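Each of the next two complexes has chain A plus one more chain, namely chain B in the first and chain C in the second.
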Partner chain A sequence: MPKITKASLGRFLAKQGILIAFILFMVGFTLANERFLAPENVMGVIRSSAILGVMALGVTFVVISGNLDLSVGSMMSFSTIVVLDLHDKLGPTLAIPAMFAMTLCLGAIIGFLVGYLKLNSLIVTLGMLSAIHGLTLTYSGGKNMDIADKEGTWFSVFGQGELLGVPVPILLFVGLAAFLGIVLSKTPFGRKIYAVGGNGVAATFSGIRRPRVVLGCYLVSAFCVATAGLLQASRSLGSQNTVGQGLELEVLAAVILGGASLLGGSGTIFKTVIGVLILGFIQNGLLLVGLQFYAQYVVTWVIIILAVWLDIAAKRGKLLSPIA
Partner chain B sequence: MTRFTLVATTAVAALAFAGAATAESFKIGITQNNVGVDSYQTTYEKAFIAAAEANADVEAVVLDAGGDVARQIAQMEDLIQQEVDAIIIWPTNGEAVIPAVRKAHKAGIPVIVTNSNIAEAGFPFVKSFSGPDNITQGSRSAEIMCDKFKAMGIENEAKVAHITGQPGYTTAIERAKGFEDRLPEVCPNVTVLDTQPGDWNREKSQKVMEAFLVKYDDIDGVYAGDDNMGVGALNAAKAAGREGIIFVGATNFAVGYEAMERGEYWGSIYQSPVDDAEAALKTALDVLNGMDVPFLNYFDTPKITQDNQSNFTKPVF
Partner chain C sequence: MTGQSPSAGADAPRTPVLRLEGIVKTFPGVRALDGVSFDVLPGEVHALMGENGAGKSTLMKVLGGIYQPDEGQIIVGEKPVVMTSPLQAKATGIVFIHQELSLATELSVAENVYLGELPKRSFGRVDWKTLYAKTNEILGRLKVGFDAKTRVGDLSIANQQMVEIARALTVDAKAVIFDEPTASLTDAEKVVLFDVIADLQSQGVGIIYISHRMEEIFKITDRISVLRDGQYRGTLSTAETNEDEVTQLMIGRKLDLSRNVSHHDLGDVTIEVKGLSCGNLFQDVSFQVRAGEVLGFYGLVGAGRTEIAETLFGLREPSAGQIFVQGEEVQIHSPADAISKGISLVPEDRKGQGLVLGMSCRDNMTLPQIEDLKAGPFVAEGAEIAIFDKYRDNLDIRTPGWRQLVGNLSGGNQQKIVIGKWLSMHPNVLIVDEPTRGIDVGSKAVIHDLIRSLAAQGYAIIVISSEMPEVLHVSDRIAAMYSGKLMRTFTSDEVSEDNLIQAISGLKSDQAAAA
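And then the complex of A and B:
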């Protein structure tokens, strides 16, 4: 067993700043309310974080490649509404692949615009945010979408089912995270994403087909959004058109909280998962503490800033530093 | 298109009646918030057109701002130019439309606000507000819940959790106030455990309810600011296997109505877009006929529970 020196411990901590912040918050909330760590609460939080989490996995790919995706919130509303509508028209077995295909088409459009036409991803996805919202409203005519026979469908298994005592959304989230984590860190495609995000020009000159990599990232993101839409639809078996509204910023917050750089080239799936869990547990913890809700917005922000600071401080090796 | 066809048909009707008509004919313009964004507003427009067509004395100019403040202001100016007899406005924004409303007022055209009121600064330029009374809706929800507790014999120990609409929104604030003020009057021994926002969102409400269920072992009733959130809370309770909780909402949605049919959801407030539209037209006509119309001219939004829901048609939204 290697000897733990101060230096090696420091190097370890520097990598795990966000994890330290996470543990600190968990301890804090547990002291405030002993039910915080009750197994059913922890399961509940992870289960309801799964929707945000699955979306964050895809956005991590996009962010590492040096782009942004602000369309995931309204795209998730789209997937949710479409799968609910098709459920009653085609039955679940056909509705799910049809919805995935439609969502992937949207991802392909964005990937084409950003990757092949080299348009700014902020503008493209901001535009898609409202375009897809309009598409969803046109599709549904503005109506809330509900499954007619809520008791007699197996469709609810994705959002409400359990396997060996673990809720299915958690299994899907963890499974997808593990798979995408391996793709990102162990495959040539994953390495190309880091290369493109780190230095796009250099990547192009070294023979990487940058447009194709960017398109791939947006397809991964769209696939994750479709999965999130499936979880959402299955969890409540009905939805309004605005169900994903605003989620794009929460997703981005989780990804950045996890330490991915907005400039591209860095970030990992594992840390994004931690970022997602921090957001989920903050929301839940503040509810359990029973803080007045206008104050919760402020406290949420304070905690996020604190986490980011701890992360950076760990990397620097001290709390305050004259240089970044 | 509806605008032109409607003007055409009412014009034909007006011609047909021209010889015989002795009553005064009124040209009434309406600029709506955003038809097509939800079923409530879509149904409202249909009902308004139907009500206008049914009345031979009314020629309606039906416009829709598509949620755009600038377009709504332009439409107000169009209506002033057309010298309509009265303007009904469903504000896209309670503040931004005030100058346009004042312009109509200065031109001598009475303005009626429908569904959601404009900001208080604009009140001097408005003849009447026709819409739902959200404070009354909140207090009626409190009464529904209290009556049910009394029927169950738990009015002295029941505990209630409260899920509100989006913080900062007038409807959310008024309903919450109506509920919180009325509950202690009718059921003084019922305690409100906690109040948190569900943001008019079923998923958010479900999350909030999950946290409530962890935090409180004993919850007898849940009041949600609308049925969408109420059903979200119901889903959380069902998933956690907690039974016997009395759910009361407001703005009866189809999902709430169905949950009531299944016996899982106790009651709500019935707010019909048809009543809303007809009330707006009637208010405008009453103003034009020189009748005394109260400034806040609310239309009735009755209580609906499992007991009397068969008297109401299922909401379309």
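And then the complex of A and C:
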């Protein structure tokens, strides 16, 4: 057992800062409202975080590779609308793979622009945010999309079903997180993502085909978005064109809360999951302590900015630093 | 200024401009500075030397107020000061000229010189007239060939450094610290810099000069203080010492930088290049390297040496010519192609091109072959660690373990990681571009020995270097480049410093270029 000194404690806190903040939030909210930690509330929070969470998994890949993806919100609207529309035209068995294929095409376009043409990912995905939104509106003619026979379809199983008492969205989220976590930490593809994000030039000098890795990350992101769209469509069986609007920032917030660096090269799936849960529990906790719904936005973002500041301050070793 | 200035105690005692007394700074697990004491006299150039990791940077950060010492005192003039921030250090009269320039390249020289302290008129408007006048006055003292209104981005690196120095002169500087100032300067630019230093000296400013370059140290300094492993090893009077003594103090042993004499039998031609050209970068270059041979490329910056390496490694498309590896012509369009043909490159810029600093030693070393190290779909970590262990032992890489981030290693060990990365791929050809740039003296010799022993093991090696002793030391043959052309290839018997310099300066030699 190594001796615990002030410095080693500081390093531990700096490393686990987010996890500790999470525990403190949980304790605080529990003291404020005993229903907070009740099993049905916890399950409810995780369940409602699942869609955001699934998207955050994919964005984690993109962020570690040193890029951004701001298009995930509008892409999720697209997936949701498309699968709902095709459900009645083709039947669910064909609609789902068709929607996945279309979403992956969008991901491939972004991956090509950022990876092969080496365009700035912020500009590309910001542009795609609007372009895909327009695509969705064009596709739907601006109308909301609903499934005709809401009672008679098995399609609702993804968003509303349960297996052994656990809601299917949670199973999908956890399953996908485990799978992608292994891909990122255990496979050559994962290793290359860290290398490309950590130092793209050195990765190229090591024979890594950088454009391919970047394309791969955007495809993973698109796959996650398609899964989120499936969950969303299946839960409500009808949707507005704007269902995913604004989610891109919440997703990014969760990834950063988890501790991934926007400069690339660091972050893990596990940390992102923690980030997603923190975000979910903060919002739920604020509701339970009786904060007005709209005020939540303010408080949530104040907490996010505080968390990021403390995280960076812990790494620097002081709260204010003359050097960035 | 060359060593004539009085050293400590030679004349009437003068008050040092800066005195360090028993500075101790510890980090978890490391005693980075262990009782460092020395002083800088007014008008003195005081060299601070030590291998990478000896504590020079930490000491500078203590002086600059970025770190607080655990023990010891900094005394400026006669009074002890506690440095709490870089700004305060500057106000005290301690000024740094950093190795990496920190200028706003889009702004004018004047704005950079007075950044943060622009003279003001009413309503907070900048007083441009005063600003330019004051700046031009300082520039006049430095005798530079540009004026206050010039955009900094338009200046050469050397002139940008002059802007940094001008910035230092805006305060009443008592001590100016130069950190590797000549790293990116040409010989002519160095002369100008040394003039400026002499000028500062004559104004009674104390100068701390940090450099690895012995030549310069012996040319311009009065005294030399040496650090090793965070400990102060002593101060020597430059006039009374020599390179050997300094080196011995720095690394604790003697160093052999004589010409390499080891000879072993050469194998077949491993790589042959015929008429290789790449636009206007280099033209019609032909050479061959045998197994077990080291071919050194020597030439001025911009002569096309690095570009040849980059072309062989698939980073540039050749406009003409052929490349043969082990007798077979190969087409190389990407680093991946080059690697698959057994060509590997240890690049010039170790941190920018060679390593992912935020990744572990092991992960860096296995990066090029990660796709081949699989157990099922997963990375075979056991095989990775085995590779790391093997090359750590073979190359004597000093690291606590494979998990250590490469960014935390010293320059020499980082370079060994890059070399190990390629050796583990069992390449045919190893290209090493500037093998010891930014590496301290002790590790340089180790890297040189390593290159020789790799040649003895049968690798065909191409070494590109701007340092003549290095090329002479490690190469079996030397290719002299001038302005994109291979002027002549010397065998180690033919070569001398004189004919090599002639060849790289484009001067006619009696022999035609021979491959």
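Methods note: the second predicted complex is superposed on the first by the 289 of 324 C-alpha atoms of A that agree within 3 Å, B and C clash if a C-alpha of one lies under 4 Å from a C-alpha of the other, contacts with A are read in each partner's own complex, and residues count from 1 in each chain.
Just so it is clear, a contact is a pair of C-beta atoms (placed from the backbone, for glycine too) under 8 Å apart; a residue touches a chain by one contact, two chains touch by 3 or more.
Just so it is clear, the structure is predicted and the values come from calculations on it, not from any experiment.
Shared-chain residue A:41: touches chain B; no touch with chain C. In the superposed pair of complexes, A:21 makes contact with neither chain B nor chain C. By the touch criterion stated above, A:209 is placed in contact with chain C alone, chain B being left untouched. In the superposition on chain A, no contact is made by A:277 with either chain B or chain C.
Looking at the shared chain after the overlay, A:266 reaches chain C, while chain B stays out of its contact range.
Contact with chain B, but none with chain C, is seen for A:144 once the two complexes are overlaid on the shared chain. Of the two partner chains placed around the shared chain by superposition, chain C is the only one that A:192 touches, whereas chain B remains out of contact. Residue overlap on chain A between the chain B contacts of one complex and the chain C contacts of the other is empty. Across the complex, chain B meets chain A through its residues 36-39, 41-42, 167, 194-197, 201-203, 206-208, 210-212, 214-215, 228, 231-232, 235, 239-240, 253-255, 258, 316-317. Taken in their complex, chain C has these residues touching chain A: 28, 66, 85-87, 313, 315, 334-336, 338-339, 345, 347, 352-359, 363, 367-368, 370-371, 373-374, 377-379, 421. Across the interface of their complex, chain B is touched by residues 33, 35, 38, 40-41, 44, 48, 51, 137, 141-144, 146, 160, 232, 235-236, 238-243, 283-284, 287-288, 290, 293-294 of chain A. Listed in rising order, the residues of chain A touching chain C in the complex are 5, 7-8, 11, 182, 186-188, 190-192, 194-195, 198-199, 201-209, 265-266, 322-323.
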